[in-house]
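Labels run A, B, C and D following the written order; every chain starts at residue 1.
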Amino acid sequence: MSRLFFREAIARAISEEMQRDPTIILMGQDIAEHGGSYAETRGLFERFGAARVRNTPVAEAVTVGLAAGAAAAGLRPLAFITYVDFLMIGLDPLVNYAAKLKFKSAAQLTAPMVVKATAGAKGQGPTHAQSLDSWLMNVPGITVLAPSTSGDAYGLLKTALRAPGPVVYIDHKRLFPLGGEVPDGETLVPVASAAIRREGRHLTIVAHSYMSLVTIEAAKLLAKEGIEAEVIDLRSVWPVDWDTLEASVRRTGHLLTVEEGQEVCGVGTEIAFVLQERLDGLRVARLGARRMPVSASPVLESYALPDAERVAASARRLLQRARQDDVAVTT
Amino acid sequence: MEQACSHAEGLRRLESMLLLRAFEAALLRQPKPGFQLLSRGEEAVAVGICTVLERSDPLLCSGRSIAMALARGVPSGGLLAELIGKDGGPNKGRAGRAHVSMPSIGLYGAHGVVAGNLSVAAGVALAQQQLHTGAVTCCVFGDGACGAGALHETLNIAALWQLPLLLVCDNNGYAVSTAVRQGIAVEQLTDLAAPFGVPAVAIDGTDVDDVVTAMHEAVTAIRAGSGPRFIEMRCTRMGPHSTATREERPSAELERFRDTDPIMRYEQRLRALGWLDDAKLAELQAAVATAITAAEQYAADAPWPDGDEALRDV
Amino acid sequence: MSRLFFREAIARAISEEMQRDPTIILMGQDIAEHGGSYAETRGLFERFGAARVRNTPVAEAVTVGLAAGAAAAGLRPLAFITYVDFLMIGLDPLVNYAAKLKFKSAAQLTAPMVVKATAGAKGQGPTHAQSLDSWLMNVPGITVLAPSTSGDAYGLLKTALRAPGPVVYIDHKRLFPLGGEVPDGETLVPVASAAIRREGRHLTIVAHSYMSLVTIEAAKLLAKEGIEAEVIDLRSVWPVDWDTLEASVRRTGHLLTVEEGQEVCGVGTEIAFVLQERLDGLRVARLGARRMPVSASPVLESYALPDAERVAASARRLLQRARQDDVAVTT
Amino acid sequence: MEQACSHAEGLRRLESMLLLRAFEAALLRQPKPGFQLLSRGEEAVAVGICTVLERSDPLLCSGRSIAMALARGVPSGGLLAELIGKDGGPNKGRAGRAHVSMPSIGLYGAHGVVAGNLSVAAGVALAQQQLHTGAVTCCVFGDGACGAGALHETLNIAALWQLPLLLVCDNNGYAVSTAVRQGIAVEQLTDLAAPFGVPAVAIDGTDVDDVVTAMHEAVTAIRAGSGPRFIEMRCTRMGPHSTATREERPSAELERFRDTDPIMRYEQRLRALGWLDDAKLAELQAAVATAITAAEQYAADAPWPDGDEALRDV
């Protein structure tokens, strides 16, 4: 184990994979000499050279299209989109070409590409703060990964760089300054493997990305009141590790989903639906951003987004509603 | 401009164009031909391009792809099956005209999103550059695609990175009902390449020999490492936009298309050269007819695709 | 009442609104002399002239951006996107500008624009067949309307052309050749008003757009077996008419959602979640497209999409599962 | 090129630039200045543009918008409050630098998506055309935005429809760390306008009088109905890309920026004209300082925004 900053874990994963696989190339804004917006590609240009670490113009559409075409023709491109909001500009090649390529070519062509983007809010306002996870999950053929720790950033990015089809790997702005343990050997985090961050018996809280950390904080608040929350970090947003989730809710009987994106048609809505289908009588609640854009104003940003206090409040409400229902049933 | 080609090669070009036209006619005779964009009037573009490209040179085309796929060498039976949604073609019936691909012969695929193939083609060219294959990637798109920002971004990156990319604009005069001048505010489409320093020429796309000559020049230069090129091939779409679109151009305009029919023109040229006479033409047509009949039979016998199998390829 | 083809109902709605409101302008590919891909703008160019009915190049990004800017500056643009798949190319101005404009400007600017697009499959293959409804619902600030009849096309489009903010109005390719009754007077279909297409007491099936018609067929099949399905057509996909839906499921106790798009994070998932929250013990099931792109092959297209038989089968399964559970509870 | 302006006007231009620079310095002194893109070195662009535009001419700018908003006339106290996320500015603290707008004075707004304001500005211009307002819509974007396809699509539609649109490229030499030549494969950015027949000039954007002259010519022509225009204004970004970005340019390069500092240059010009001396300069600086102090006080007193109220405006 070594302690690495989140950004260092990323750089190490990329560096090791580039060393192993000469077909990996990087493309993105300011990733070469500059070393990336979050210093997460620092050293890669110097080590692997200009042909494999390529700055692009501010043109997300062609960046994603380049990655898709290069992937179809034998490379393994890793395309950087600084803010996932701007992936909107490059969705056409990702969704209309890469995600459908294996299907439409009858497996003669595939698109083993990775789009690495950063989601979530940190004081940069409405067009630099969104989460598109649920859009991407909605599209057949796309894998969506989102770490919340240095170790998972390392393990998931390595997995992404060996995946057979398009992967969107999503960081969160608030993770970059954080440090964490990273295994010294090559430890990959497989697709569809959620992590139980904290065990508990009263309810299961499922989150991903930065909200996993917020949820752990919330669990600590709840513990002081005697509520033991089991916290699960999805890590792989799609495909979902349903078995781990199901086993947990079978133990706790209650599910709260937490995400930074919108609730409507969100990640949590999907998770709640499927788990309710698997476990009759499961009591669920969801929490996401308030239904508004996220402002750069610190006050409005925190107004819009879930925090530990709000997660804890949702958990309390869920358990209380359940108790009331139970009372109603017994009387 | 006229490429000196051999007698045999001249006849091959003609036969190839005849096959493309007959194939599309056969497609329309199918009980359910489906939603198709045909290339009548644009055969010289397809045959000329594929005459010059090596099998290892990746070709990407637009939704108007049937002639291009045939000229590239997709077997006609398989292609017919593919177009009507049957298994038996290269993509097991899943692709249809707008998505047909056969990478084993360098056909990286049609793409149904107008201008959507441009950045993807740049990526394919990037892979050739990076893997040192020496291949030239050729991307064919319509005049309509020139209105899209994708062209700007692709020209820019291809010029910045000196990609081995040949951009071919198949200018058939219209994007559905919109004439080029109504959709793109430039004197000539080749002007769009100028700011990026990408050499560009406009040629007569109804003359298969001219297409071959221009392709040859461009491909040779790109293969020698000179970076991207742009060719505008001017031709006429002799039919309506698609099998589902009404034809609204005045019949006088349609009449005039005869003069630019690439097949009629080439027949006349070969006759003038003394390489073609009625008997020879009948022979070529008979060969084409035999091939088409076989293709029809193949397509008729082909099975429908299996959904479960398709689902596994997502 | 007059009987109009779907496309005629559209043309009439637009024409009446353009007559009423001189700030309405139309922009889109081949909508002028050509009269639109589905002949749905026929006559409008002749009637309102080239300044108000504008052909655009094949450039969806600028088309949506133009509409957003023109709306902010006092016009009421109606932008045509032939296939909703290509709205992906124009999502940035819709989502990052128009949907956030009222919020971010503190209501000094608004974007009363309509994007009219066509969704769903009809033999045109993977990039001309998608449904993006749930993506759009996910974004705060966008209204999503989707008719299934001539009358609703008329009424919803008129509503859209008077709405205060961005609306995405979505047709379906299979609706254009159909005819239906259209009120002679000015009858608007308000936002958030679902229509009960068929009454029934055993289960509620919620659908929208073309799937409403498929669901009505399914209900007929079910009726032969003694199952009476209540069929609700959302019409307004967002905001949802929750009260009508809730009242129905309170009567039937069972909900099946049907959509042509993907189930994962889909429209039906949202509806099921909210109604389960409102009605404890509600039994739900969802049906959408199989998890694959839609091919132009007729065989693969029908394999991928819900049809009346598959809707009926889902309904039977839902009721049967419910019966089994009830048995399990009583024994 | 030098616009003859009056003594008073010259001093106003200088004072205006001084205010912009002092304002940004004051912003950085805030306890939490937030994530900001500053305009040090680019003040002449902002002041020159806003000198010429009428209040009724819509202005759209990019994420680098603070100088632009101030020059346009957003009160400095309100702007300061807005930038730190407080209520009291035109957008009640919701907009921040990347989204500030004040349509009552023609500021249609900043937009944080690079190149995202181009098509929106074309729409604003379309509205002016259609509503016969006679207004010229001005859209300011960076050199980085020239790599985006949005510029191509916007130039095309503006030329096709002859929109009253003035496209101003604020070329400060870099998009974050990427120098113009590394990002855009053109000799000059103005070349990009040429295919569309849009008249384009490149000017010295560190000379406020030059900016005024070029703006005046363009705005006059557009108002007379001559269609869109393009001006590239070359200047230097004297600081790092943002308050969160490390500065990596060699200090020798940063030293050289002094020569192109628009304020130093203009002070020298006014001194040469005899319109400015140390006393006058001190007077202007005192006026600016007073305004800044008042702005700081206003911002300090401004309340934080109310979330529930904001939620109601979705």
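Methods note: a contact is a pair of C-beta atoms (placed from the backbone, for glycine too) under 8 Å apart; a residue touches a chain by one contact, two chains touch by 3 or more.
Since we're looking at a predicted model, the values are computed, not measured.
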Problem set entry | Required steps from chain A to chain D (each step between touching chains, minimum) | 1
Problem set entry | Per Cα centroids, the chain farthest from chain C | D
For this session: Report the inter-chain centroid distance for chain B and chain C in whole angstrom, where each centroid is the mean of the CA atoms.
Result: 36
Exercise. Cα centroid separation between chain A and chain B, in whole Å?
Worked result: 41
For this session: Could you put a whole-Å number on the gap between the CA centroids of chain B and chain D?
Result: 47
Problem set entry | Between chain A and chain C, centroid-to-centroid distance (C-alpha), Å | 30
For this session: Can you tell me which residues of chain C touch two or more of the remaining chains?
Result: 57, 59, 61-62, 85-86, 89, 92, 96, 100, 103-104, 126-127, 140-141, 291-293, 295
Seminar exercise, completed: Expected list for chain D, residues touching two or more other chains, is 94-95, 99, 111, 113, 116, 147-150, 153, 156, 160, 182-184, 310, 314
For this session: Based on the touch definition given at the start, go ahead and assign the chain network to line, ring, star, complete or other.
Result: complete
Exercise. Where on chain C is chain B touching in the complex?
Worked result: 29-30, 33-34, 37, 55, 57-59, 61-62, 85-86, 89, 123-128, 290-293, 295-301, 303-304
Seminar exercise, completed: Touching chain C in the complex, chain D uses residues 58, 90-92, 94-95, 99, 101-104, 108-109, 111, 113, 116, 118-128, 130-131, 149-150, 153-154, 156-157, 160-161, 310, 313-314
Exercise. Which of the residues in chain D come into contact with chain A in the complex?
Worked result: 32, 34-35, 85-86, 93-99, 111-116, 144-145, 147-149, 175-178, 182-184, 248, 304-305, 307, 310-311, 314
Problem set entry | Complex contacts: residues of chain A adjacent to chain B | 23, 25, 51-52, 54, 56-57, 59, 61-62, 64-75, 77, 92-93, 96-97, 100, 102-109, 140-141
For this session: Write out the stretch or stretches of chain C touching chain A in their complex.
Result: 61, 85-86, 88-89, 91-92, 95-96, 99-100, 103-104, 126-127, 134-135, 137-141, 238, 261-262, 264-267, 269-270, 272-273, 276-277, 280, 284-286, 291-293, 295, 325
